[in-house]
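Here subunit A shows up in two complexes: once beside subunit B, once beside subunit C.
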Partner chain A sequence: MTEFLQIVLDGLMTGVVYAALALALGVVFQGTGMLNLSQGELAVVAAYIAWACTQAGIPIWPAIAIAIVASAVLGAVIYHGVVRFVPPHREDSLMTLGVTLLLGLNAIVSMVWGTDPRAFPSPFGTWVANFGGLRLTSQQLGGVALVGATMLVMAVVFTRTTFGLRLRAVAQNPRSAAYLGLRSGLWLSAGWAAACAVGAVAGIVAAPTAGLSPAMMTVPLLMALAAANIGGISSRVGVVVGGLLIGLLTAIGGRYIPGLGGDLNVVFAFAAVIAVILVKPAGLFGRESVVRA
Partner chain B sequence: MSLLEIQNLRARYGRVEVLHGVDLNVEEGSIVALLGANGAGKSTLLRAICRAVDTSGSCRFDGVDLSGRSTAAIAHLGIGHVPEGRGTFADFTVEENLRLGAVSRTRARSRRETDADLELVYETFPVLREFRRRQAGALSGGQAQMLAVARALLGRPRLLLVDEPSLGLAPLTARDLFDRFTGLRDEWALTVLLAEQNAKLSLTIADRAVLLSRGRVVHDGPSGDLATVDAVHADYLGASEFDLSHADARTKETR
Partner chain C sequence: MSAQIAVPNRSDHREAVRPPSAPNGGPPVRPAAARVSFWLGVVAALLAAVVPFVVSDYDLFNLSRVAAVAIGVASLNLLTGFSGQVSLGQGAIFGIGGYAAMMSMRFIEMPAWAALLVAIAVGGVVGLVIGLPATRMGGFNLGLLTIVIAALFPVLLYRFSDFTGGQAGVTLSAPALPSPTEALTDAQWLYLVVLALLLATIAFLNRLVGRRTGRALSLIRAGRILAVSSGVDTHLVKLQLFVISSMIAAFGGAIFAFVLGLVVPESYPLIFSITILVASVVGGSRSWVGAILGAALVVYLPSITSSVIPGEASAYLAQLVFAVVLGVCVIVAPNGIAGGIRRLAIWMRRRSRARRSPRTAPTASPMPETTPDREEPR
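Coming up: the complex of A and B.
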């Protein structure tokens, strides 16, 4: 029983990374209609920036702050420089653009920092807590706290502030928003910046355990896609629940289904996606817009 | 000087030109009905004023050239647009929709002033106060149209462009909505350019009528004169489907 509880706990801890990445996917998707396949690579870039700052002698927390801000700026630049030229209804072009950005960022990271895995210092120390036979590392607890705080901030910003209201308005109906005086390019850039900041947190939380490398977020991105589908990409709560569920399911599946460990877990995650979308196509928490006929 | 001066305005969707050199002046404080059959270019003209379509030609608002400005920047100059289909944010509450309307206020105003305008809007459209916590997508057609107009008012525009407000509304609801425009014009110091297929309804409130046909202005004059234009009957109105009695009465009053 203790082993099972430990697996559940570890799964949920891993799930917060998927949840953060899925949240970033959701923010971009709602804003620009783009399933941003480069979100994982953007998180990798953030982690490398933080690592490079520590190598330059900057303490870990300021380095993380720099990486998050740099990611937000990079996101805004990518939207403004490339994405805004592709109309939201051109799903094919947006998909291709996502792949191009993924491969391009991966290549840049590999050229600048190499492909060998590097040790990323944990910002939360290296202590281990034991209670009732269960084991929790400071990295796990700190990761949950950091991702949780990020999600809380995002929830407040999106639902309780004028900034969030305007951002959601532009995302929902750019033309109407423009008639009201909202500059859609500016607000969608802000949306990309917010998404990349959240993605940066995911990358920084994942790096100490996964090991920093250009391919570090490949599997987490797939898991985040599965999480977004399970929870409903239109729901901020849904993507978080989806991420935690995927973490949980893959941890349990990897332990108890023979041969399904490691990266093969992704099969289990997408099997869960199929099961959910057959019953609820918009995801567990996703909803179609209410429009009275 | 006219509040809105349009000269040789052309608009296109891709390679298809829809407006072929429109000239139009709108006097401050007037209600101008923009009439025409489906495809005449009414909605496109309103979009062209807001630079929401590919446009060429001259368009000046209060002496300010609108060319080269974005749709959002034009809203900030004081042009409100209630688009065809209302354009409300279905997932937002009524009050959230209304507060978004205040984005384009031409001068920075305090939250207190916005709240005062919100109260004014609720007095004009009490049903919106009743449903202020309801999702906009759950409103009826008439309520949604009121919300769209009210939201535009929150921006304190000087010129209000309204596109097919009677579309999909029951005759009595449409009548009720149109009856409010004259009062709104006076209370909010508005100038209204109203694109509408329902000529009879429009002419009961309009000072002037402009008839569009295939992207060109074919008549421009006092609303009561419309009945005497042969081309109007031949091209659009049809003698049997149109009763100008209301428009005649209004024209006599305003002369």
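Coming up: the complex of A and C.
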């Protein structure tokens, strides 16, 4: 029983990284209708920026702050430089654009910092908490706290501030928002910035355990895609719950189903996605979009 | 009934009500232009057939690789260009075909032609297994499912290394397609066979999209509801296309494996699948010539960048160039190089006609090259 509880806890703590990445995917998708396959690479860039700052002698927490701000700026720049030129109804072009960014960012990171894995210092120290036979590392607890705080901030921003209200207005109905005097380009790039900041947190939380390398976020990205699909990419609560669910499912599956584990966990996650999609095509929390002929 | 639907929509769905007279299912080309491009194609094919007697065996090896990759890219063109489905896993299916052919030759000692058939069959089965859920889910789910396949394929190859040879892969002791005569070297013979297979594939695909299926596809592109009300089973058509595309990708992959003489997991990472997509979009996803241009880019760009900077960084430079070219194409030239050339040709023809008879010029070509997907509301 203790072992099972331990696996559940570990799964949930891996799940927070997926949840953060899935939230970033969801915010971008709601705003620009683009499935941003480069979200994982953007998180890698953030982690490398934080690492480079610590190498330059900056303490870890200011380095993390710099990385988050830099990611937000990068997100806004990507929206303004590239994404806004593709019309939103061209799903295939938008998907190809995501792939383009994935290729380009991966190439740049590999050329600048090399492909060898590097040790990323944990910002939370290296102690272990034991209670009732369960053990939790400081990295796990700190990661959950950091991602949780980020999500809380996002929730407050999206539901309680004018900023969030305008962001949602532009995402939901760009034309009406434009009639109300909102410049949709500005707000969509703000949405990209917010998404990239959340993704940066995911990258920084994942880096100490995964080891910093250009391919660090490939599996988490696939898991986040699964999470977005299970929870319903049109719901911000849904993607977060989906992320935790995927973390939990893969941890349990990897332990108790023989033959699974490691990279094959992705198979399990997507089997779960297909099962959910067949019953509820828009995901657990998603709303089906109805189109009038 | 159908007239009532079609008539008010004519301006919106020009693509749908127009007879698909063009050989590639694109906008109609006047007979003279079609004849010109047909003869251009014949001349190019003849030139390509003469090439093996002029260039070195190493260049021939590269050209054979281009032709094999072009089959894979053409299979993706069938999906992205003609049916609007973006697959990120075509490279994995390409690799599955390669493994199927090589393993059946190595372990069951099949002849090469039978191994090709095995590859096609395996590709069809894989296409059916992926396509059944993916086409039902629709939208971006196909891209999602296929990127997972692409990411998992090399992992699975390592995981079941007893079966697939793991890191070392599968190699053949003798060339898969040895030359039957003394007059041709193995490389020359292989190149000619691959070229013939490429041309046959393109002829098959061209016929496919020019017929009933092609008309159904242009209906689906013009508007799904329009297609359904005209009696087209959109799921079935898309599934058919997906399966056919997978079969051709596996076929191309088998030929690629024959050209290389080995299959290793390293050849088929996620990036390879993405590169195939790059080739399709950059070359022009609605053109078969575009597939060959894109494949040439994939094969030759890495060797060009490695002459610029040596070592590991050259691969990433090539990747960066791919990304930049792809980004430019997505934004500026959605129909790729081939589409750009066609637009240029139309523009020049119109200009030369305008110079000859300025008064009738604007109406001479009332149907400029359009991309129907861009105009249609989704």
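One rule holds in what follows: the second predicted complex is superposed on the first by the 287 of 293 C-alpha atoms of A that agree within 3 Å, B and C clash if a C-alpha of one lies under 4 Å from a C-alpha of the other, contacts with A are read in each partner's own complex, and residues count from 1 in each chain.
Everything that follows uses one rule, which is that a residue touches a chain if its C-beta (ideal position, glycine included) is under 8 Å from a C-beta of that chain, and two chains touch if they have at least 3 such contacts.
Note that the coordinates shown come from a computational prediction; the quantities given were computed from them, not determined experimentally.
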item: Touching partner for A:2 - first (subunit B), second (subunit C), both, neither; value: neither
item: Partner chain(s) touched by A:161 [first = subunit B, second = subunit C, both, neither]; value: neither
item: Which of subunit B and subunit C A:181 touches, first, second, both or neither; value: first
item: Touched partner set for A:172, first subunit B, second subunit C, both or neither; value: first
item: Which of subunit B and subunit C A:278 touches, first, second, both or neither; value: second
item: Partner chain in contact with A:85 - subunit B first, subunit C second, else both or neither; value: second
item: In the superposition, subunit B vs subunit C on subunit A residues touched; value: C
item: Footprint overlap on subunit A, comparing subunit B with subunit C; value: none
item: Contacting residues of subunit A [partner subunit B, same complex]; value: 162, 165-166, 168-169, 172-173, 175-184, 289-292
item: Sites on subunit A touched by subunit C in the complex; value: 35, 37, 82, 85-87, 89-93, 95-97, 99-104, 106-108, 110-111, 115, 218-219, 222, 225, 229, 263-264, 266-267, 270, 274, 277-278, 281, 293
item: Residue ranges of subunit C in contact with subunit A within the complex; value: 80, 84-86, 88, 133, 136-137, 139-141, 143-145, 147-148, 151-152, 155-156, 159, 225, 270-271, 274, 277-278, 281, 312-313, 316-317, 319-320, 322-324, 326-327, 330-331, 334, 373-374, 376-378
item: Subunit A-facing residues of subunit B, complex; value: 50, 52, 70-73, 75-76, 80-81, 83, 87-92, 96, 99-101, 103-104, 135, 137-140, 151, 155
